[in-house]
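The chains carry the letters A, B, C, D and E, assigned in the order they are written, with residues numbered from 1 in each.
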Amino acid sequence: MNFLTSYIHYVGCFALVLIGLYVALVKSNLIKVIIGINLIDTGVNLFLVATGYLGGGTAPIFSKAAEQSQEMVDPVPQALVLTAIVIGVSVLALALALAIKVYDHNGTLDLRKLKGLKW
Amino acid sequence: MRKQISLLLLLIVAAGFALCLAGAPFGAEGARESRRLVKDNVNYGRRYVSKGLDENRCANIVTSVVLNYRGFDTLGEVTILFIAALGLGAVLYGRRAGASPDEAQRPSLILSTGCRLLFPLIMLVGIYIFIHGHLSPGGGFQGGAVIASGFLLICLGCRKKKLNSVALGAAESLSGLAFVLLALIGLAVGGSFLLNFLPTGKVYALFSGGIIPLIYIAIGVKVGSELSGIIDNLSGEVR
Amino acid sequence: MIVFQTFLVLVMIVAALAAAGFRDLLGSVIACSLVSLMASIIFYFLQAPDVAMAEASIGAGLTTAIFIFAISKTKRHEENEKTD
Amino acid sequence: MVSPILLIAVPLALAFLTPMVGLASKSARRYMPAIAMLFNFIVAMSLLPKALEAPIIVRTAGWAPPLSIHLVAGPLGLLLSSLVALIGLLVAIYGIDYIREGARARYDVLYTLLLVGATGVVLTGDLFNLFVFFEVLCISSYALVAYRGDSAGVEAGMKYLIQGAIGSSLVLIGIGLLYGTVGTLSMADIASSVGSVAGSRLFISLAFMIAGFGVEAAIFPLNAWLPDAHSSAPSSISAVLSGVAIKAGLYAIARVVYTVYGASSILPFLAVLGVVTLLVGEMCAFAQEDIKRLLAFSSIGQMGLILFALALSSATGISGAVFLIISHGLAKALLFLATGYMIYRTGSRDISSLAGMGKRMPIMSLCFTVGAFSLMGLPPFVGFASKFTIVRAVLGTGSTFFITLLAIGLIGTVIEGAYFLRIVQWLYFKPAPEAMPEQTEGRAPLTALVPVGLLAVLIVTIGLLPGIVGRALGPAADDLLDRAAYIQHVMGD
Amino acid sequence: MSAQGILITAFAGAGLSYALGLTSARLREVFAIVVSVLLVCLIAITHGQGAEHVYYPDFLGLDLVLRMDALAWFFAITVSMVGCLSVIFSLHYVRGKEKENFYYFALLLVNAAMLGIVLSGDLLSFFIFWEIMSWAAFLLISYKRGRALDAGLKYVIMSILGSCAMLLALLYLYANYNTLVISDLAQQIRSAAGGFPLWVMLAFALGFGIKCALIPLHTWLPDAHSEAPSPFSAVLSGILIKMGIYGFILVMYGVVGLKLLLEVGAPWLHFHTVLCWLGAITILIPTFIALLQDDAKRLLAWSSIGQIGYIMLAIGVATSLGLAGALFHTLNHAVFKALLFLAVGAVEYKTGGVRDLNRLGGLIRRMPVTFACALIGGLGLIGVPLTSGFVSKWLIYKTLITEGHPFLALAALVGTWGAILYVYKLLHNMFLGQLPEKYANLEAAPFSMQLPLMICGFIIVLFGILPGIPLSVIGGIVGTLGFEPVTATLTGFGPQIGPLNTLNLCAAFAGVLLVIVAFRGIAARPKPVSQDDSYAAGAAAPAGKYHHTVRFYDPLERMTGGYLRDWVDQFYLSAAGKAKGVFNGVRRIYTGDVRTYVMYIVALLTFLIFAHTAGWL
């Protein structure tokens, strides 16, 4: 039971990362690979927030009602994840723009055919 | 052949993760005891939580970490979004030839008026989110995203209204400039970049936290205009 | 409480596997947005409301929109896997 | 006193300002990157002497270093940021007339932000901030590689982006693992508390970081993106990418390995990886027909040599590596800029089309020859001084393992000599094909000749008087090697 | 006028000549000659001063030093002399051709770099000038397009390989003795406990061996010399190869010193004996390959390799007489080869680029002066008495015989026979025999080409009759390098070295000449023979001699041609071909498929994790 309580989040996020990597490694469609990268980003963000999570902690936001602070969760990973999510979106948007342009030029998104530049 | 190799590789990577996470500091329970043992000055998460409130008088500690303690990251972050919007524009530069959709797909009257009615409400929610970034959860990024979803609605819902890209670009760069100037004033006045030079006011009041709400407003406008710029670029025209 | 979190994580993993497995790109994009939705809820349970909101609005909302725009401009279905 | 933070803040402000300036007047916007980099170069050079004694620690948001993000403008940081500023300035001048088509407004901003990213990577003292500026650098180079929108550029950009994204996620996992174990993100703070933590978790997070930063630093298995990206990008961009961007990646690895982890067990592995990169790079370069792809592979080769020198962990070794970073940056930027206008003139990137360029573009060919000779390490040029320092450092270590690796590496430089001199022969000693029409408009404008000429003059003067740069190399090597001093400087006050 | 002044004038001269050349060709030619002649005088004046001074205090932590001791002076005067002659010769040779400016700049740069090598007092500046000489020579070799490019590339690849080896050896010395100034280095090495490491000596030998074309490393020389423009071939063959010799002498005797040198290498096989045998082989094989060459310059190139064999043999013997012989033969060979190459160059210039021996002939009547000088050069090359070649070969033979190396002496002797054969072939095919019609009204070479030939011819005969002039200088050098000095009178050697008095030889020759003249005077006047004499078998005897010389040594070639091909060259070319195949293979790593690239990233990560868990890292 104790394994479940403390490690379920890590299992979840690293499962996401591994699935994302598998998609990026194996799938031949460009959009599918970009989805894989998106999965990896989500997994990594989940992992960062999970590192900051304390057992029974509360959200690091003070309000008139909740004044006490010792049970609060570590706010730093949340700040990092905020940045990481937006980085993920930016990379994703650029990736999809490039995918559209690749489709314009080559008419296909199959990575096995997109080998114009090699050797 | 490719599948087997990648499965083998991922197996070893998974083993690496497992090897890493076995120890004490990871895992929710493990984290809790290890945090309690650790004194404040070693783990800065606890220090921000314990002293953050009276240093910046900003209720949302995450916001004070995002903008004050680690504000330089957010400056980098905003630059990245700016680069993404411009990069998208640069890459899709040559594709302006948009074919106007045929009659059949034009949105019905109800849909377009509904959207135009809903748009100001979404903007209001978005603006509320990033104005109250330092009090309640949420902030520049989340508010900007909501504003962008408003623009998305306009973009999908009603065809006629074309987003004024020059205004978006101006909003984008002006708000980015505002953020950097606020930080530079901190350097000029208080001797260190991103310093919270304004009085930080009472804790839960709207005008608390010194320059933090100002920066979050600038970020909100910037993220909103950039994400809608991205959407406008990507949805330039439907073939 | 933890049981519900475990359930969320399992749904997320299944959605991720679906996103990987679907041949129809639109289907896998929907599965992908389901993953971010689940992640957003898990963030809430991990006491990170800011991140939950960001993940929900950016991760689930805008990412899916951008994906669908991209798919509308390119091909919807994946080529067959046989030639690999 | 001018604070090093301006090195990042002012170009950033100028970058945000550029769209506004663009609205006002189209032509003024083209000079914005040059202005930003000129400012950067002046500030960096003025701060360098002061930083040679002790690194300048800059706080942000007014908190003492470990609390908030801080910049560590040490001798190494400022030396590299002045290199970034110098090459950025010269390539910006080159880009004024070179880039004509495409979304010209966006090019200027992206170009300035790329250099801001590189300067940020080199100056920052915080690990996550290093990752953020690393991302600024990478994403702007993805967009700029695909700037032309032609089939090759877009494909190269797409491949570069996918590998870069995977690399960045690995770095993020590494930072997550490290933050989980140590609880702080300031490099000096991590360094001071890393010693007391169990080994295997640290090593795996180091592995992730090396794999992640390695993608941008063109280490052997990870550099598959580089030949495509540098050959299909516009020449001014490949000049900056080759001259500056991959160096920032390698600096990140060096800083992580030496300062954050203080790891010594992985150094022999990095040395072997460096020599393998050198050999693979030079071999592939020899077999190329396309001039820019050849230069890209030769960049991989030289980065292998720099990594090998960094992995020596001796003071002269690292000062040799920094010296090679400077000399390779100058020479490779010169080569890419020179080929830019040669390709523009002949219309094709094939080496055989360069025949007889010696007569048609004398200044460009002369500068190309100076750059090629410097890269090969021939005496009167700066390449010789850096190669000499590295070989002296390797033999100084006296360990037969390193000396045999060096001997193998020197075979790489022989291959490099072969293919560069083959090109010089094509330039000067092959008759120009008469079929080529005598286009007069192809004559390189002043904004191209000035940077290329200046780089060539720099290469020769630093080659003849290595003392100019030599003074800063010693403290720069100590800045990287001496972990305790770094911690004491940052955490001390 | 210190060494630094000489170097500055040399390098500034090269630069200025390029600058002046941009304005007017005439001005540049005059300036080039003035600079070269000035250099010769400057060096001649500074004979005595052995001053050693630092000219660049802190270059990467080392002091660069120049010195002008006897050895340096001797080589410097040879370099500047031959350099000046080739500049004078190339006035006409290059006039009108394109890229003249570049030619003069590169030629003066190579001469300046060689002066730099010779005058440098520490190994780092030696190395710097060495590399400058290499790439400047590369530019000049590939000057005449076409096949010259491959020759240039082959030359430069081998010389870069050599300089990499030399850099390793040089910095190993710096790492162990942390100084590169030759005088201090020599003291420390000789006083150091252990012997001199063999691999360092081999690395030096590789570097210098490539430059002076020892047998396994010689393959670049035939192509480079035959493709380079003739005046530069003279410089290339005359003095550029001698830099390798200077390097050997400097390292073997200047730095390592005689006592230590004798122990270098395995106890049963010393380094210097290997060097001797290499020298012997280098005498034999190239000389007989030279026989079979049809192209005049290629013949001379192979003969250069052969003569270098003599010099290496003399150095390898490690005796004072041997070293004196080597130094004197270096000087002689520089003068012979300069003369012969310039003569071939003159013929090539006049006949519009023809150097194929089968198509030339009978030029003795059209170009008598060139023939006379070429004859003197050829005789000197063979080593006929009354020419300086005789004295140097006599020294080498003497030391081989007194030291008891019968087989080496035999090899030297056979080498001389080969020399006689190919010199005769060269002179006969070019100057004797039937004059082809198209050269019937060929006028003589311009004076600016004949002057260098005459100067060289004069030097050969002068040093042949009065060998004391160079030998007194060489004796001093041998003394400074740790041997007992060789005393020589003006006309030969004292009794303790073995009686040689060129005066008696002159007297003997004069006597024989007198007898021949007298006999011809007294004997019957040769009576003209009528046309239908049996000699012409009834047919009308043609006006001139009608023995054309085509495929001169054809029977010899048919017999030995199969064996005497350049095996080493074929081996190198096939190795290069295989290497190119490997490079093409390595290129295939970048398959173009992004998924494979991502797999490479994950593969490195897994390797690191696996290596850690397995305990390697």
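FYI, a contact is a pair of C-beta atoms (placed from the backbone, for glycine too) under 8 Å apart; a residue touches a chain by one contact, two chains touch by 3 or more.
Bear in mind that the values here come from a model prediction, so they are computed numbers and not experimental data.
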Per Cα centroids, the chain farthest from chain D: E
Chain nearest the global centroid, as defined over all protein CA atoms shown: D
Approximate Å spacing (C-alpha centroids) for the pair chain A, chain C: 10
Distance between chain centroids, defined by C-alpha means - chain C, chain D (Å): 37
Averaged-CA centre spacing for the pair chain E and chain D, given as whole angstrom: 44
Centre-to-centre distance between chain B and chain A (centres being mean Cα positions), rounded to whole Å: 15
Per-residue overlap in chain D, given as positions that touch at least 2 other chains: 128, 132, 135, 139, 142-143, 146, 149, 154, 157-159, 162, 166, 180, 185, 200, 204, 207, 227, 284, 287
Per-residue overlap in chain A, given as positions that touch at least 2 other chains: 5, 9, 17, 21-22, 24-28, 33, 50-53, 57, 59-61, 76-78, 80, 82-83, 85-87, 89-91, 93-94, 96, 98-101, 112, 114, 116-117, 119
Per-residue multi-chain contacts in chain E, two or more chains: 587, 590, 594-595, 598-599, 602-603, 605, 609, 613
Interchain pairs in contact, sorted by label: A-B, A-C, A-D, A-E, B-C, B-D, B-E, D-E
In the complex, chain E residues that touch chain B: 595, 599, 602-603, 605-606, 609-610, 613
Chain A contact footprint on chain E (complex, rising order): 587-588, 590-595, 598-599, 602
For the chain B and chain E complex, residues of the former touching the latter: 2, 5-6, 9-10, 12-13, 15-16, 19
Complex contacts: residues of chain A adjacent to chain B: 2, 5-7, 9-10, 14, 17-18, 21-22, 25-26, 50-57, 59-64, 69-70, 72, 74-80, 82-83, 85-87, 89-91, 93-94, 96-98, 100-101, 104
Chain E partner contacts - residues on chain A that touch it in the complex: 21, 24-28, 33, 111-112, 114-119
